[in-house]
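Take a look at these structures.
One chain, subunit A, links the two complexes that follow: it is found with subunit B in the first and with subunit C in the second.
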Partner chain A sequence: MAEPAYTVASDGETTGEEKSSSSFPEIAIGVDIGTSQCSVAVWNGSQVELLKNTRNQKLMRSYVTFKDEIPSGGVSNQLSHEHELFSGAAIFNMKRLVGRVDTDPVVHASKNLPFLVQTLDIGVRPFIAALVNNVWRSTTPEEVLAIFLVELRVMAEVQLKRPIRNVVLSIPVSFSRFQLTRIQRACAMAGLHVLRLMPEPTAVALLYAQQQQQMIHDNMGSGSEKIALIFNMGAGYCDLAVTATAGGVAQIKALAGSATGGEDLLQNMMRHLLPDSENLFLGHGINEIKLMGLLRVATQDAIHKLSSQDNVQIDVDLGNGSRICKVVNREEFEEVNRNIFEKCESLIIQCLHDAKVEVDDLTDVIVVGGCSYIPKIRDLVKHVCKIEVYKGMNPLEAAVCGAALEGAVASGISDPFGSLDLLTIQATPLGIGIRANGNRFVPIIPRNTTMPARKELIFTTVNDNQTEVLIVVYEGETEKAEENHLLGYFKIMGIPPVPKGVPEINVCMDIDASNVLRVLAGVILPGSQQPAVPVMEVRMPTVDDGHGWCAEALHRSYGSTLDLVTVQKKI
Partner chain B sequence: MNCSFASSLSDAKPFLSHVRSHKPQGKPILTAFSCRACEKDQSTNFYKVLSLNSNQASIDEIQKAYRTMGLQHHPDVCHPFKKDESTRMFVQLHAAYKTLSDPVLREEYDCILSSRNFEGKFRADFADHYSRIRWQEQIQELKRRSSYRMEQKERSWGNRMRAKNNEKRDK
Partner chain C sequence: MISCGVPIYQFSVPKSSHIYGKFNPNKSNSRWGKKWTEIRCCNQRVGEKARAKKNYYELLGVSADSNPQEIKEAYRRLQKKYHPDIAGQEGHEYTLMLNEAYQVLIKDDLRRNYDASIGPIKVQFGNTVSGYSSWKGPLRPQALFVDGNACIGCRECVHHASNTFVMDEALGCARVRVQYGDDDQKIDVSVDSCPVNCIHWVDREELAVLEFLIQPQPKEGYGVYGGGWERPANVFVAAKAFSKQLKQQAEAEGQQRNGRVAVDEETPAQAEARANASMKIRMERFSRIWNNLKSFFGSNI
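The block that comes next holds the complex of A and B.
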């Protein structure tokens, strides 16, 4: 295959702002980069088609091997044996690590992967490296993602016989805007332009909307509004959406998500089988990596088997005389992972609550993703929703198909049979706000607000003659400001010296159709018709890697000298 | 106290488009949304935004209209050249839908709308006007209740008599 090496196209983050203005529209492809598998789909003129690699696979492993000079990924590479993944040279699970700093618990949970993930707990990016000829070769999640994005692009270009530039990518609900910039960066490195980043369950919602439309055309369904809960759990993330669907429009009522997935089930199981495993593998020598790999493969295999059988025999020789020989049954697996299943259940309840939907209102419940094969997952969804699981979707292909549909719709393609008269009305997965009222997070755009959106809130100063205020923008749900994702910060300077509480500081947040967030801040003194200082308009996020320590450092340096408080609306 | 920024999505007019000074009495100004894109058209009728002919449209009709209009005006389905316009359009569409799909908000809105029609023009501080309407409504409701209570009293005379008769019979 041609051009395996990747080039960095641009340092700036590209967005879906400009589209090619040629009269012949280019159809954007849909890409799903999963924690464990990735796939590509495209609208072929009449329906969505999944593209296959040279080995006739539709789903390819998401990993990159740094064995030779040129790294190669799971799209083109053929593994001679599963264990080759565990030589220390193969990097995977990058979707769990992208855009996270080394104080993040998800990064800490990745330390027993069979390559190097080291943390210093200072809020910088973790040290990730592959073992190549006994030397640690450092890499980043963006680089790894870019490598197989290039391979996916080449694969699609060969099959579609045209250059590919525009993509619609499915992403986890719980990704912060900073993480989205890292995904866009990886795409830019691979020469791809991101048309849309779609939360995975919303891609599934779009596919569901199309299926419902199809049923009306075939005179099988009614045109009335259908409320569906979508539960999507893969290796890395658990994502949910409640969607109201009618007339080809999927209106997202609520989103919920967490970095909880098959990987957590696997790690709990590995700890159960070998309680001291984390300490045993701390050294990350070549033998330890091999043992980690062996245990991983055996455990993964056992979990897969437990989906169809009641118990499974595990037999792993860990060398140096230790050997795990054990029969594990399904109850044991469910007990070991009780906290994960409880988390899933609470996410469902939260999502229904946020959508203001009662269980009785649900028409369908859709369970997709790799973990949807686990009986306990299907049971708990059924138990909470009290209806049978929807059958019309392939659990492993739903998200990528939805992304491909969005790719066609957003590229301006129309279909003579109306199959593309579709729309997803998106909602914000996380609240966005600023630090105020001491160290509180004050949301300006709350979670589950329909996009495009624009909201504002009025603040004022806390000190007399305060001439500067610091606007620190966060994204998240936690009341304590620093426990949310930092997106950026800027100062408003030159406020005339007046007593505290006098200036009206209006902070406005604006999310446009391309999901670009802008923060505007202006100051008005009472009685004045004009802003006291020029309005600041800043596109977010502004932070770069290693921002974890920023908020703390800002707090240490400035204390409350540049603080803000909310103004109660006078009624 | 209200100030509004020009939408960054729109043209290059000054950012703080207009600033109203503090109202001396601190009257509330009803601005559910202050995106200037919408404010410009504050006098538009939410029913017309959703292309509904009747103010009596059912909730199903409102939902259907929102979807149909969404399919035409959402920036995702419009040509990129019309991105700003379609974004404005959709934000307004959503504001209309949000108000009319909520029974309480819709009632308030209908009230404002009828007062607007009655006067033939849109009053600038309709909040003040609206509070008067609400007050009138409350008076009417009180009247209705008191007349109902009167009826109850009248009816209860019969009850009383029947009760008396029953008492007599029991003895």
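The block that comes next holds the complex of A and C.
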């Protein structure tokens, strides 16, 4: 293995990369596909390096335009003007839509994007289309992401002069496992294998762990445990983590997240500037799209400016005779988005509470992501945590750097200077359990359980001579089963006819370090050591599109005939 | 630039060999290599449930009176060796055990309950040796012990008190699995029924050492000579000597610990935990998740 790799290194004109390619050929790259921007980073043998595209950009816009037969994304494509993005042919914000059904409020909030997002409100995937030569050409979030990932891959392959196969992707905390499968599918379409999916703040936590480790080497820091809150808010999502760091190990104590981001700030602002904007855009005609685009650019620009100045002049001609000419100050912006900032604050409090960490225990608070430039965000984090914001990180590059570090660690790369002597101990962002006790969600692996995790619970039948039970697996936090994300379902058959409450139905869930969930279920009758029927092992999620309907259909067909209840575990 | 990318394709390694290859890099090679012989020796005992269920303190390689800080450090140190990110999929099972142990020991109330459940014996000897039998009901001053040297494997005791005694098929002698697993009458009958009187009532404090010593230990071999297994001819005499040795060792360790600042070296318990981990990992390769589930079911009954 080592020999051919060495030959390759000496063949190429590479000088700097020699070390990395000779030690190991397969270093996974770190990819951050953000709602608005994306980036790629890789461990180059001595440090993490962000890759640049041909226009020397480290951060590229996340969009795909369907202009001609061949779609092109923001990595390779050069926009002649910002407004080109709003001609109806460009699809973006796909990270907000991927793996969501059309009853999801996030999908509804995306309906005033300058392309077609059509919903039928019945729990199927939304219809998404780009306007190409006055034709709505349909596409899917996965397809858009895949086009994008292919461009990123090609860019990395050209620069690193080797094929890229393994990636570590950073993902939002609030993504359900179903959404993760969509991301994996997009990667597969792009010819990439997902080595790890890392919640964004945990990638930042790993980078923080490395920085702390570095400080010890430089005799600047102490080796004691440091507890940090990471607040990561981008265009699409707000994600938090509390991490305990010592000796290069980032132990995730708690995660919290929500689909709240800069996009919501933008939409609130657009509504503020043009109150009936939503109704105006319902028709999705060419003129409306253009109008939407103009308003969007102007509002976005204003929000960016409000981060550095107290007020901003908005002057936009919408083309249909109406013209918005207004001065907006920072207080107004903060008032319009009060609910968003309150949401952020409550997420911080919740995350600290879940981690059982007091504000006084915090060593650092790290604020990253595009929204970290907004003064109100920094103020509210400072206000809750009562300490100054950590300064040692580039807010837009932290997540991708962390993902690249994880890529190197999980690929088995070691560094002679100990810079890769790192580890993230992940926690589960959402609880996983099954439907039981009527229509309740009974978590088997609770939220914030250290991964890898394996937990089991014992259930029993509710009817006499019940020979079959239905195991319906959900992910989430809500007590009502159907309000959580459905992951899959299967039936255990052939239970010997005995009175209710007699069979022990053991449901075991196992999550490994690469976040693969397996559900095992077996039946034991008292007095026997062996399972009464063969044990079922199911890899989840198994549901596909239209999963909103499945649970309902199951309930309609079977009622409570195949139900389960929990039993107190015998000691 | 593209042209030089082509030859690399043929060198890309299949995934499976890539994973196993991780055990070869120079950083861990010597360690795994060295332990190999020990793992093979242990295999005979692997089947025993009592042995497989390790004391949480032993697993983390900390003493029973260690503070949360020490537990945290030990946990992180072991995670850095065995987490699947570093050790590959083979580390999965061991990391699960580590997580379980850590979660119990780091929380005061859970740890108190756990300490109570394992009883004072484990706490006393937990650091270096541990007993094999568990206790049913409250701890009593006297405990049962089978002298494996004398036992002829007649199964009389197993027959009379099946919840207390088990037959160790590998060694061909009986062993106490659960102290007071049956009612007193049954136990008395079984003790009396032994044709060679090899079942002894011993002090609770002595039990752990006796049970430890009666397990055959691998004997050092020289080439093709020697090797195999051995255990002390008179376990009671050996136990006395061993206890004395333990005491001295503990004293010496105490002095040593006071003397040095950084505790970088592994404690014997950690070394043992590690040896057991590698054994466990090797085991997992064969048995996988299915068998684990079986053992879960077994333990719940």
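We adopt the following convention: the second predicted complex is superposed on the first by the 543 of 571 C-alpha atoms of A that agree within 3 Å, B and C clash if a C-alpha of one lies under 4 Å from a C-alpha of the other, contacts with A are read in each partner's own complex, and residues count from 1 in each chain.
Note that in this section a contact is a pair of C-beta atoms (placed from the backbone, for glycine too) under 8 Å apart; a residue touches a chain by one contact, two chains touch by 3 or more.
Nothing here was measured: the structure is a model prediction, and the numbers come from that model.
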item: Joint occupancy of subunit A by subunit B and subunit C, clash or fit; value: clash
item: Which of subunit B and subunit C A:Glu263 touches, first, second, both or neither; value: neither
item: First (subunit B), second (subunit C), both or neither touched by A:Ile458; value: both
item: Touched partner set for A:Arg165, first subunit B, second subunit C, both or neither; value: second
item: First (subunit B), second (subunit C), both or neither touched by A:Glu26; value: second
item: First (subunit B), second (subunit C), both or neither touched by A:Ile425; value: both
item: Which of subunit B and subunit C A:Asp104 touches, first, second, both or neither; value: neither
item: Which superposed partner A:Glu151 touches (first subunit B, second subunit C, both, neither); value: neither
item: Which of subunit B and subunit C A:Glu143 touches, first, second, both or neither; value: neither
item: Where subunit C runs into subunit B (options 4-12, 40-48 or 130-138); value: 130-138
item: Residues of subunit A contacting subunit B in one complex and subunit C in the other; value: 196, 225, 246-249, 251, 409-410, 412, 421, 423-425, 450, 452-454, 456, 458, 504, 506, 508, 510, 512-513, 518, 520, 522, 524, 526, 529-531, 535, 537, 569-570
item: Touch list for subunit B against partner subunit A, complex; value: 1, 3-5, 7-9, 15-16, 18-19, 21-22, 26, 28, 33-35, 60, 63-64, 67-68, 70-71, 74-77, 79-80, 83, 86-87, 90-91, 94, 98
item: Subunit A residues within the subunit B interface of the complex; value: 17-19, 21, 196, 224-225, 246-249, 251, 409-410, 412, 421, 423-425, 450, 452-454, 456, 458, 504, 506, 508, 510, 512-513, 518, 520, 522, 524, 526-531, 534-535, 537, 569-571
item: Interfacial residue positions of subunit C with respect to subunit A in the complex; value: 1-2, 4-5, 7-13, 18, 21-22, 25, 27, 72-73, 76-77, 79-80, 83-86, 88-89, 91-92, 95-96, 99, 102-103, 289-290, 293-294, 296-298, 300-301
item: Sites on subunit A touched by subunit C in the complex; value: 1, 4-5, 7-8, 11-12, 25-26, 157-158, 161-163, 165, 196, 225, 246-249, 251, 406, 409-410, 412, 414, 421, 423-425, 450, 452-454, 456, 458, 504, 506, 508, 510, 512-514, 518, 520, 522, 524, 526, 529-531, 535, 537, 569-570
